[in-house]
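First chain A sits with chain B, and in the next complex the same chain sits with chain C.
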Partner chain A sequence: MTSFVQATLYGLLQGGLLALIAVGFSLVWGVMNVINLAHGAFVILGAYIAWELNSTLGLDPFLGMFVAAAVLFPVGYALQRGLINLVINAPVFITLLLTFGLDLLIVQGMNIAFTANYRSIPTSYAGKSLALGDVRIPLGRLLAFVVAVAVTLLLVAMVTRTRTGLSIMATGMDRGAARLMGIRARHVYALTFGLAVALAGMAGAMVGTVGTFNPAAAGGYTLLSFVIAVLGGLGNMYGALVGGLVIGLVEAWAGQYLSGTWVNALAFLVLVLVLLLRPSGLVGRAFYAARVEV
Partner chain B sequence: MGASSADVGTAAGVETPTARPPAEARWRRLLPWAAGVLVLLACFGLQTQLYTGQERTVTTIFMFVALAQAWNIIGGFTGYASFGQVVFFGIGGYATATLMYHLQVNFWLALVVSGLAAAAFGALIGLPLLRLKGHYFAIATLGVAEGMREVVTNLPDITGGGAGITIPTVGAKASTPYLGNDGFYILFLVLAALAVLVGGLVSRSKFGFALRAINQDEDAAGSMGINTTRAKVTAFALSGFLVGLVGASYAFQQVTIFPERLFDVDITVLMVVMVVIGGSGTVLGPLLGAVALQYLSEYLRQHYTQMHTFILGAIIIVAVILLPQGVVNYAREAARTRQFSLLRNVRRYRL
Partner chain C sequence: MRLSTVLVVSSVCVLGLAGCGSKGSSQTEGDSNTLTLGAAVSLTGKLAREGALTKEGYELCRTKINEAGGVSVGGKKLMLAVQYQDDTSKPDTAAQLVEQFNDKGVKLILSSYGSANIEAQAAVVERNGQVMADSAGADDKIFEKGYRRTFAVLSPATEYAASIVKAIAELAKPKPRTVVFLSADDGFSKTVTEGGMAEAKEQGFTVLPPQYFPNGTSDVSSALTKVKGQQPDVIIGSVHLVEGIAIVKQAHELGVTPAGGFGETVAPPTPDFAKTRGGQAENVLGSSQWTETVTGQDKYFGTAKEYGDDIQAKFGHRPEYHNAEATAACLALALAVEKAGTTEPDKVRDALAGLDTESFFGRIKFDESGKNVSKPMSVIQIQNGKVVTVWPTEAAESKLVWPGIKQ
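Entry: the complex of A and B
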């Protein structure tokens, strides 16, 4: 029983972090209909920024993640404005290829700059854990969970309550109508992508605190983001949170009770099943199906 | 290849309203086939001029020509962007490896069985998956490929698991002697020729036009009497068959195979990149794209070892921005409309 509670707790904590990793991916996909294959690369890039700040300035990664976000936001904005906006109306595989090219550039760039060695950001407190009876709560993961959920909820509030957020949603629903209302779609798209990249960077800083990372891990985070975004469903801002928690729990339980690496196969099985049975996601509506592309 | 002669035919037809003599029309239609046979013969001749390292490089180019042609059938003609086509590569490779390892089956028999197994798997997963569209289809196929890799990894008794499986090539257990560099050159050349042939036949057949109709408007295609489900599943299985054959041959060439390599998502992405850069929905495009990109990749690997992937990424980005419709489609449109500006071309998909 204790092991089950422990696994559940671990799954929930991991799920919160996964939600933050995927929320930007889900936002970009939902608003622009672009699948960003470089998403995982931005996560790792954020981890390296936080690592660099920590090793040269001694900055705590939970502060460093804000710097990472601040550095990556303009990068994302510029990429969307100068590059992705150029092919936004092209068939599916064009945008997929463009972001794949970006992924190659960033991952190989990181390989050259930082080598392929595994790293982690050392802190004095992340390795400690609170004991609750027989169950142990790792402090670093708890902090990461709290921050991840808070940031995700802040994003939800921003998107649903501020004018900027509403313009993002409006452009996602019907770009033509949004442009007629005076919304600058190019700017809004760039803003959305910048936001997504910044959030990925923040998540990366926490990934680096609670575990290890290297450039090759980027692809794995992109795939996880896929699964979570699909699971949660697009067009619902809580989707990534629900999807992240579900995947976190599934992986934790499977890791406890299944042998070998069957746990990896399970995530993709869940993905394909959800796509086939409920393509709008667990909490999503058939919201984007009726979207008009102009 | 197929459509180019058709374009030339219409252009000539506009200039001279009188019907062209049927003999000339027949010649024009035969031209791509004749060119194909000449290139095939030239490739056989080329083999005598290459030393071992070059021969291997060219063999890899042939492999990617076959893969790109196969992807073009489902991704180019039909417009279903499969991002998990490598699953057929893996299934073909592992079918051959397990048949030859456990049952000492002859390679040529195993090759055919592997192709058929891949096609059957394609039909099986195609039925549910091809109901999805756009990104959802792309991701579902990706999920199938990644999931399949994990399944293969977790069945060590049959597939050798993550430690890999080695096809016996010497001794009493070897059912077919190893083909060697020369043998694999010819094998992959034949596979590439087969894939181009299939692409050419599909391109001109009623089936090919059904696929193009599905690409443009699936509902309209259905209302015109096309059984869209059957056409899509057939295209997917046909593509899977070709990829399965290539995977089976690759497994025998490599002798020892691992799940990470046989289900490597990069192989899928390379197929897509080659088709898109060459020109999707054409027969010539994937051929040119595969030759150019694989040659370039090999050149960069040898001359800029560390920067190789970096430069490749940059090239993909530039190519996708400047020529989103591919070289062949761009050249045809430019020849027809006399608009050669690449910047004009960029504006097509811009926001």
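Entry: the complex of A and C
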């Protein structure tokens, strides 16, 4: 029983972090119909920014993540405005090709700038844990989980309650109608992409605090984001959170009750099952498929 | 118009990046004063770190041998040249590049990094009649296929965890009773686990069922939660760096504290391990193909300590065993060419098969299958943040700290 509770708890905490990693990916896909294959590279870039701040200035990664977000937001904005926007109406495989190229460039750039050595952001508290009887709650992961949930809730509040957020949703639902209402779609898209890259950077700082990273890890985070986005569903800001928690729990339980090598297979099996039963994801709204292109 | 421009630019970007791994220089073995070796190494992708160390090892070999006048072949001195290619850490690319070397007439090959890459390369080497000095493919399965042209300077995979078990059995007081293996699920790690479990049974330990997790994962919490209740005295990880770091970190988070301590194969000797884990890394045992205290010397590199100083001077860091095994593979190939008196691959192959030499890397002598079984592995322990050799006792710098964990 203890091990079940322990595994469940760990899975939930891990799931929260996965959700933060995937939320930007899901946002960009849902609003812009761009599958951003460079997403994982931005996560790792955020980790390096937080690491650099920690090792040179001694800045705590939970503060460093805001700096990472602030640095990466304009990068994302400019990339969308200057590059991705040029192919935004092209068939999906063109944007795939472009973001794949971006991914290669960023990952190789990080290899050159930081070498492929594994790094981790040391803190005095991330390795500590709170004991509840026999069950341990790792402090670093708990904090990362709290950040992930808080950021997702803030994102939901922004999208549903602010003019900027509503314009993002409106553009995602029907770009033509949004334009007729005076929304500058190009600006909104760039804002969305900038936001997604900033969120990826924050997630990266958390990844660096609770785990290890090097440039080669980028691909894995892109794949995870993809699975979580599809599982949770697009068009709903809670999608990534639900998807992340489900994947975290499935992986923890699979590791506990099956041979550990089945973890990935089971996560993908759950994905297939969900897609069979709910093609638009667990909480997704299929507005993108129905939207009108102008 | 704009779309097509972007298309062209992005395609060129992508193709250019993908292609840089497969385009080679046009140099062939035509120059009669040069001995050209082909090396496909992992400069990008998930093995980029180890690939870079491997390349450093080959480079040091090339410069030291050339500084000493080159390789003597039939009364002539040949300058050593190495053609590098990036295999992007992918076995099929590594194999293709060996094929390309063959097309260019390069018959003598220095291996890539890692068992998966080298297993793929070995098949091509065999088919083309090339000869390969294997610097980093330790999986015993490579040597069970009857290949006659691949020779590994390093100790086989079965020794990695087994050497830690031997060190504990010999030196640990009180002697622990139960051992559990946590293993990544790739072929190499599984072979390591099998070898370690066999040795542990032989040494009289109670061996609990092993726990596997996906290769390359940074979350091993499930495996740790499962073994927590069994209270093993020693936890041995058959891992790479990433999983090794995760075991120590998450064991700390989950309160998994074996009475004896932790052993992990290749993670602890890597400087990143102690750097990223700080105090948690203290007293963790690891196994290493080579340390700077290994005995033996050779005419090109001198002793292990001198080799270490050369790496420091050329690359600005102390050597890792990945450097040393790469240099040793290159050395073995050069010595075999000298011994054969020709660069003709069949003769070089026979010379390698009969090679028996001391070197900075220890003894290099191959068995029938091409494994170097004469060289023991070293067992290291992190003591005060430093990697020190504790076994075998004749090469030990310090005594084993046991139990290796603070209760």
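In this text, the second predicted complex is superposed on the first by the 290 of 294 C-alpha atoms of A that agree within 3 Å, B and C clash if a C-alpha of one lies under 4 Å from a C-alpha of the other, contacts with A are read in each partner's own complex, and residues count from 1 in each chain.
As a working rule, contacts are C-beta pairs under 8 Å (C-beta built on N, C-alpha and C of every residue); 3 or more make two chains touch, one makes a residue touch a chain.
Note that this is a predicted model, so its numbers are computed, not measured.
By the document's definition of touching, of the two partners only chain B reaches A:N33; chain C does not. In the overlay built on the shared chain, the residue A:L97 is in contact with chain B and with chain C. Legend: residue contacts after superposition of the two complexes on their common chain; A:R186 is shown touching chain B, with no touch to chain C. Look at A:G109: by the touch rule set out above, it reaches chain B but stays clear of chain C.
When the shared chain is aligned, no partner comes close enough to touch A:M1: not chain B, not chain C. Of the two partner chains placed around the shared chain by superposition, chain B is the only one that A:V272 touches, whereas chain C remains out of contact. Note: residues 83, 86-87, 90, 94, 97-98, 100-101, 104-105, 107-108, 260-261, 264 of chain A belong to the chain B contact set and to the chain C contact set alike, using the contact criterion stated above. Only residues 75, 79, 81, 83, 128-129, 131-132, 134-136, 138-140, 142-144, 146-147, 150-151, 153-154, 162, 265, 269, 272-273, 276, 280, 306-307, 309-310, 312-317, 320-321, 324, 346, 348-351 of chain B touch chain A when the two sit together in their complex.
Those residues of chain A lying in contact with chain B across their complex are 29, 33, 35, 83, 85-94, 96-98, 100-105, 107-109, 112, 185-186, 189, 219, 223, 226-227, 230, 260-262, 264-265, 268-269, 271-272, 275-276, 279. On chain C, the positions that touch chain A within their shared complex are 2-3, 6-7, 10-11, 13-14, 17-18, 44-49, 52, 89, 185, 211-214, 216-223, 225-226, 228-229, 241-242, 245-246, 249-250, 252-255, 272, 276-278, 280. Of all the residues in chain A, the ones that touch chain C in their complex are 2-3, 6-7, 10, 14, 83, 86-87, 90, 94, 97-98, 100-101, 104-105, 107-108, 111, 115-120, 122, 127, 129, 131, 136, 138, 140-141, 211-212, 214-216, 220, 251-252, 254-256, 259-261, 263-264.
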